[in-house]
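Before anything else, here's the structure in question.
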Amino acid sequence: MQELIVILVDGLVFSSYLFMVAVGLTVIFGVMKILNVTHGSFYAFGAYMSATLIGAYYETDWPEFGGFLAIFAAALIIGVFFGIVLERGLLRFLYHRDEHIIVLATFAMFLVLEDVLMMIWGTDPYYAYEPMALLGIVDIAELTFDVYSLTLIGLAAIVGLGLWLGLTKTKWGKLLLAVIFDREISQAMGINVTVVFTVTFVIGAIMGALGGAYIAPTISVSPGIGVEVIVLAFAVVVIGGMGSIPGAMIGAVLVGVSRAAAVHKFPEIELFVIYAIMALVLAIRPEGLFAPAQARKI
Amino acid sequence: MRYLDKTVVGLSIVFVALVFADFFMAEWMRFIGLQSLARGAVALGLLVLWRTGLVSFGHALYFGFGAYAAAMLTLIGYHDAFLLVFAGTLSAGVLAFFLGFLLRRYRAIFFALLNMAFSMILYGVIVKTEELGSTDGFSVLTPTFLGYAPEGEAVQTTLFLFTLCFTYIITVGVHLYMKTTLGSMSMAVRENEIRVEYLGYSAEKVIHVKYVFSGLVAGFGGAIMALAVGQVDPDSMANWNVSGEFVFITILSGIGNVGATFIGAFVFELIRTYAFEYAPQIWQFILGGSLLAIIMFLPDGIWSLFSRFRKSEG
Amino acid sequence: MNIYKRSGRATLLATGLAAAVSLTAGIANAADEVIMAVPTFLTGAGAPAFGVPARNGAEVIIEAINKGTLPAPYDKSGKGLAGRQIKALIYDESGGGAKQVTEFRNKVQRQNVDLFVGYISSGTCAAITPVAEELKMLTIFPICGTPRIFEEINKNPKYVFRTMGHATADGVAEAHYVKANMPGVKGYTGINQNYAWGQDSWRDFDLAMKQLMPGVPASDKAQWPKIFSGQYGTEISALMLSKEPLVHNSMWGGDLEAFIFQGAARGLFRKKKLLFSVADTSVYRLGKKVPTGVILGARGPYGIFAANVDTPLNNWFRKVYIDRYSVPPVGGSYQAAQGVLAAKYAYDKAAGMNGGKFPSKDQVIAALEGATYQGLAAKVHMNRSNGHQAATIHQIGILEWDKEAGEPIMTKVTTFPADCVMPPPGVNGTEWLKGGMKGAKC
Amino acid sequence: MTVVLEVRDLQKTFGAVVAAKDINVTVNEHEIIGIIGANGAGKTTFVNMVTGYLKPTSGHIEFAGRNIMGLPPRTITKLGISRSFQVPQVFASESVFDNLMMAYAISEETGMGLLSPLYNDERAARVDGHLGRYQIAEYRNATASTLPQGVRKLLDIAMAAVSNPTILMLDEPTSGISVEEKFGLMDIIMEALHQDKTTVLFIEHDMEIVERYVSRVLAFYQGEVICDAPTAEALIDPGVREFVIGEEYHRTRTEIAANNGGEADNA
C-alpha cells in the first residue's frame, strides 16, 4: 500500500515535469504545425535565466518568498525575447516550406543556441536551490517528500487548465482553434494569422522556458540540459496526440506513472519505458491518444 | 545506350577519378572520404524516401543496426569485409522489411517520429547490453578482403576502394531505378496518394519498397562506418542526433541528384572538421549556422549550385 | 554530346575541389616545437565535471614546462620537452567515437601532431586505441575508466599509455573501505547512470563486495536512471524504501549535483549511507551544500585527497591553479596534469639517454615504458600491461565540512597500495575479481 | 443489355449519422447515368463506396458478376471501375505529359514490368493520343498546378480513363467551371468516353447538363435513392423537384443564366 501511494506520488511529480516540458511544444505544434526542436533551448535558457535571477534575488535582503517571482520573470523574459526573435527573425521566412525543413531549421537553431548559452553563461554549473529549501518537506505514506517537487503538480494543473480554458472559453482561443482547423479559411475570414502565429510561438516559448525555470532550483543548471528535454517532450507529445493539450496531459501521466512503477518494481527497464509506450501507442493509434480533427480530403 | 544518361556518365567519371585518387590522397582525406561515402549512402536512402514525400528522423536505427551486425560478426571470428558488409546491409534491410509493415501506414511528422522512437529503442537495447560494451561500444578488428589482409595504410586504401565500388554500383542502381515505373512512383505517391490508389497501385507498397531500400543502404553505410572507424558505439551510431545529421546531409545535398548526397556528406564532414579545428568551443554554432544558411539561401541544396553553374554555362 | 560535356565540367569541379583540399595536406611545423594535441570535453555535460578542470590542469603544467618553472623533481631538466617548446592544440572531445577517430586522424596527418595527451571518456579511449596503434602515434590517456583498453582492445600496446589506475581499482578500494568501516552492513544497493561507466562501476563494486564480504546481499533493485535525466525523485523514493543501508553511486557532474540537491532535501543522506565513486568533481563547487558523512572517492589520490599532500610540486600546483581559476583543482585537473608530466618525464629521460639530443619517438616510448615518475599527488608506476598502464595508491575517505576553513575536507582516509586494488600485471580485472583477487598485496 | 454493376441494400453510417441507406441500383453496360442530389445527400459517399474508398456498413456490391465489397480502390480500379474527383487529383508539380505517363505506366505495368523504365516511345505515343482525345495537347508541357480549372478537370478525367475502364464514375465534372465552358467540356469528355464505350456515372448539379447527356437519373436525398428513372421522367418527379432541384432555385438559376450569363451557384 505504501509503495502504491509512493509510486502514484512519484509518478505524478514526474508526469508534471513531463507535462511542463512538453506543453509548450504541443501548443506550438497544435497551431503552427511546427515541431520545434528549439524547445530544448527555451528550456535551457529558462533554467539559466532562472538560476541567475534567483541568485541575484537572494543577494538582496528582500522577502524570501519573492524568489519565486524570479522564476516566473525568467520564463517571461526568455519566452518573450526568444519567441519574438525566432518567430519574426527566422520561422516566418520558412512557413511556405516543407514541414520537415522547418524541423531541421529549428534543429539548426538549437545547435546555435547551445553554444550561445555557453558563450553567455560559460561551462560552470549554476545552482538556485533557495526556493526548494524554502518550502521544506512533508511526509506522505511515511516517506519524506520535498514540497517544491509536489508544487510542480499544482503548477502543471494550473498551466494545463489555464491553457485549456483559454483555448475553449476565450475569443482568442476560438480564433486559435479556427486557425488550427484551417489556416487558409481563417485568413479569408479576416483573422490575422501572422499575429496569431507570433503570439502562439511566444506562449509556447514561455511555457518551455517556464519548464526550465521551475525545474532549475532542483537541478544543477549545466551544459546539455536542453538536449535531454527534446526527446522526452517529443515522446510525450506524440503519445498524447500532437497539438492536443489534454493529450499531452494524459500522455505525461501515462509515461510518468508507468516510469515510476518501473523504477520501483523493475528498475532495469526504466530506459525503455517511454519509448516502448510511444511505439505501442502509435502502433495502435497512429495519431496519438487525442488526434486532432482532420478536414475531408476528397 | 538507353541507360547511359549524363548522371551515369558523370558518376562513372567521378568513380574512375576517385579510384585513381585513392592511391594519392592524403590519409586523413581518404578517411573523410570514406565516412562521406558511408553517410552519403544513408542520405541516398533518405533521398529516395524524401522523393516519396517522407522524412525519417530515425535512420540511425538502420545505420546502427548494420554497424552492430557487422561488428558482432567480427566478435565470433568473421573478418571478411564482403561478408561483414553484406550481413550489415541485409540485416538492416530485413529489419526495415518488418518494421515497414507498420511504418508504411504513417505519413509526415508521424512517420518521422515513429522512426525516431524505434531508433531510440535500439539505442536503449545497446546501452543496456553490457556484453557489447554499453555506451563504450567495442572495437572492430581490421577486415580482410577475400583472404587479402592489408596492413598499415593499405587497410584504408583497400577499404576505400571496396566502398567506392559498392557505392558506385548502388548509386548508379538507384539512379536507374528512379527512372523505372516503380521508382517514379515516388513522385506519384508524394504528389497524390489517392490518385495512385485510383490508378491501381498501392501507395503503401511503394512506400514499403522505398523504406526497405533506405534500410538496406543505411545498413550498408553503418557496416562501412564500423569497418572504417574500427569501433562501434551507440552514441556515434544509433542516437537521435545521428539521425538528425543524416537529414542534415540530405538537406545540404538537395534531392536533385543521387550523386549530390555524397558531395553533401563530404561538405558536412569538412564543415565539422574545420569547425572543430578553428572554433573548438563553438563548433555546434558553426554547424547549426551553416545548416540555417543552406536552408535559407540554398533551398535546393548544394546541387543547385551545380545546376546554376550549368545553366549559366548553357 | 552537349550533355556529356556539361556533366564533365561539373565532375571536374568536384574532383578538382577534392584534389585541391587533399594537396593542402601537411602543414610543416617549426623544428623546435613539440605539437601536443589535448582533446578534452569543452562542450556538453562532461565539460564542467571533467573536461574544463582537465584542460586547466594541463594548461598549468604545459605553461610551466615551457617556462621551465616546474618545481622539483622537474626543476633540473630545463625548459620544454627535451628542450623544445610545447605547442598545445586543445580541442573538444564531444561528438562520439567515430567523430573523435576522424579528428585523431586529422590531427596526426594534417597538423603533424607529435603526441596526444588527452581523452576522458572510456568510449573515446576505446575507439582511439586501435587507431593510435595503427598510426604509430604516442598517445597518453590521462583518465579513461575502462580496464578494457589494455585487457581486450590491445593487450600488447606499443604507442598507447594510460597514466592512472583503471576503474577496477575504484570498486576494489571501495569494497575494502566498506569492509573495514562498516563491518556489520546488512546489504547494499546502488544508483548509477545507465551507461557504460555506471554499469562497470556497479559491476566492479558488486564483484569486489561478493569477494570481500560474501555474506552481505546486494539489492536486485539497484537503480539505473538514464544519463543526463536530472530528475531523481522516483529513484530517491525507491532508495529510501529499500532495506539496504548502503548506496553505491558513481554519478558525476550535473546528474550528481541534481541527485544531491534532491536527495538532501528529502533526508536521503541521513537515512542511507552513500558511497560516491567520483563525487570529488563536485565537492568544491557545491561548497556548503555537500552532504557530509558520505564515503567519497576520487579515482585515486587526486583532487580533495591531495589537498594536504605537502610536496613542493603539489603546493606549487595548487597555488598556481587556485590563483588562476579561483577554484581548487579537482580529480580531472590532477589526472590531466599527471598525463602531461608523463610526457615531460619521458622526453627528458629519453633525451638524457640520447646524449642530450632530442629523442626519437621510439626513445620516448622506451623511456616511459615501465617507468616510475613523480605525479602531483603520488608516485606513478607504469608497471602494468607491458609498462603502459599506471598503478598508483588509491584513497577513500569520509567527506566532512570544515567550518573553520569554510571548505570540504576528507576525514578517515584510508590509503590502499596499488597492488592491493589493481589486478596484477597480465591479469584481467573481472576475472581477477571473480577469482578472489589472488595476488593482491594489501 | 448486360448488367455490369449491381448494388443491393447498401448502408453506411458514421456513428449516428446515416450517410447511405437501402441503396439498390443496377447499372447496365454503356449506360450514361446522372447522379443528382443536394449537398450531403450521399452522392459522393455512394461513389466512394462503389470504388472502395469507404467501406460500407452493410450491403452488397457486385461488379461484372464478382463481389467487390470491401476491396481497396486499387483492386477495384484494376477490375475496371475508375473515377474522377470533384477536386482534381493530379500530380500537381509535374507536367501534364508526365501525369499521364505515370498514369499509363501504373495501369499498364505489373510484376517485374514495374522495374522497366517508365519512359518508352510507345507509351509516349499513347499519351499523346490521349492528350489529343481530351483536347489538352496544347498544355502538354505545362505544370499541372498552373492549369486552368477546366483543363485540370479534363486531366483528372483523362487520368482516370487511361486504363480504359468498364465503368467510369465522375464526381462533379463541371463544378467550378463557368457556364459557357461547361458544355464544351462535357462534349469532350462524352465524346472520348463514347469512343471507348465506357459506362459512365456522373454526379451533377446542373440540370441542363443532366438533361442533355444523361439517359437515366439517380436522385439522392438524405442518403437514400428517392428516384431511379429515365431522365425526362425523373426531372418531373415531384420528390426530385422538391428535394433535389428545388422549384424556386431552379427558376432563379435559369434567370441568372439568362440575364447575365454568370455562373450559378452550384456549391
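Letters A, B, C and D name the chains as they come in the text, with residue numbers starting at 1 for each one.
The rule we apply is simple: contacts are C-beta pairs under 8 Å (C-beta built on N, C-alpha and C of every residue); 3 or more make two chains touch, one makes a residue touch a chain.
Computed from a predicted model, the values in this text were never measured in an experiment.
Visitor: If you take the chains that touch chain B and keep only those that also touch chain C, what is left?
Guide: Per touch definition, common to chain B and chain C: A.
Visitor: Using the touch rule from the top, work out which pair, B-D or A-B, shares more C-beta pairs.
Guide: A-B
Visitor: Indicate, using Cα centroids, the chain positioned nearest the centre of all protein chains shown.
Guide: The most central chain, going by mean C-alpha position, is B.
Visitor: What chain lies farthest away from chain C once each centre is taken as the mean of the Cα atoms?
Guide: D
Visitor: Counting in whole Å, what is the centre-to-centre distance of chain B and chain D, each centre being its mean C-alpha position?
Guide: Between these chains, centre-to-centre, one finds 44 Å.
Visitor: So how far apart, in whole Å, are chain A and chain B when each is placed at the average of its C-alpha atoms?
Guide: Result: the chain centres lie 33 Å from each other.
Visitor: In whole angstrom, what separates the CA-based centres of chain A and chain C?
Guide: 36
Visitor: When the centre of a chain is set as the mean of its C-alpha atoms, what distance in Å lies between chain A and chain D?
Guide: Those two chain centres are 49 Å apart.
Visitor: List, in ascending order, every residue of chain A touching at least 2 other chains.
Guide: Residues 114-115, 118, 227, 268, 271, 298.
Visitor: Counting only residues that touch at least two other chains, what does the list for chain C look like?
Guide: 42-43, 194
Visitor: What positions in chain D touch 2 or more of the other chains?
Guide: 85, 89, in rising order.
Visitor: Under the definition above, what is the set of chain C residues touching chain B in their complex?
Guide: The touching residues are 3-4, 6-11, 13-15, 18-19, 21-23, 25-26, 42-43, 90-92, 95-99, 101-103, 105-106, 108-111, 122-123, 126-127, 129-131, 134, 146, 148, 152-153, 194-197, 199-200, 203, 227.
Visitor: Hey, which residues of chain A end up touching chain C in the complex?
Guide: 2-3, 6, 9-11, 13-14, 17, 114-115, 118, 123-125, 127, 129, 132-133, 137, 143-146, 148-149, 215, 217-225, 227-228, 259-260, 263-265, 267-268, 270-271
Visitor: If we count contacts the way the header does, which residues on chain B are in touch with chain C in the complex?
Guide: 5-7, 9-10, 13-14, 17-18, 21, 24-29, 31-33, 35, 127-128, 130, 133-139, 141-142, 152, 155, 225, 229-233, 235-237, 239, 242, 263, 266, 269-270, 272-273, 276-277, 280-281, 283-284, 306, 309-310, 313-314
Visitor: Which bits of chain B are touching chain D when the two form their complex?
Guide: 2, 177, 179-185, 187-188, 191-192, 194-202
Visitor: Where on chain A is chain B touching in the complex?
Guide: 35, 90, 93-94, 97, 99-101, 103-105, 107-116, 118-119, 227, 231, 234-235, 238, 242, 268, 271-272, 275-276, 278-279, 282-283, 286-287, 297-298
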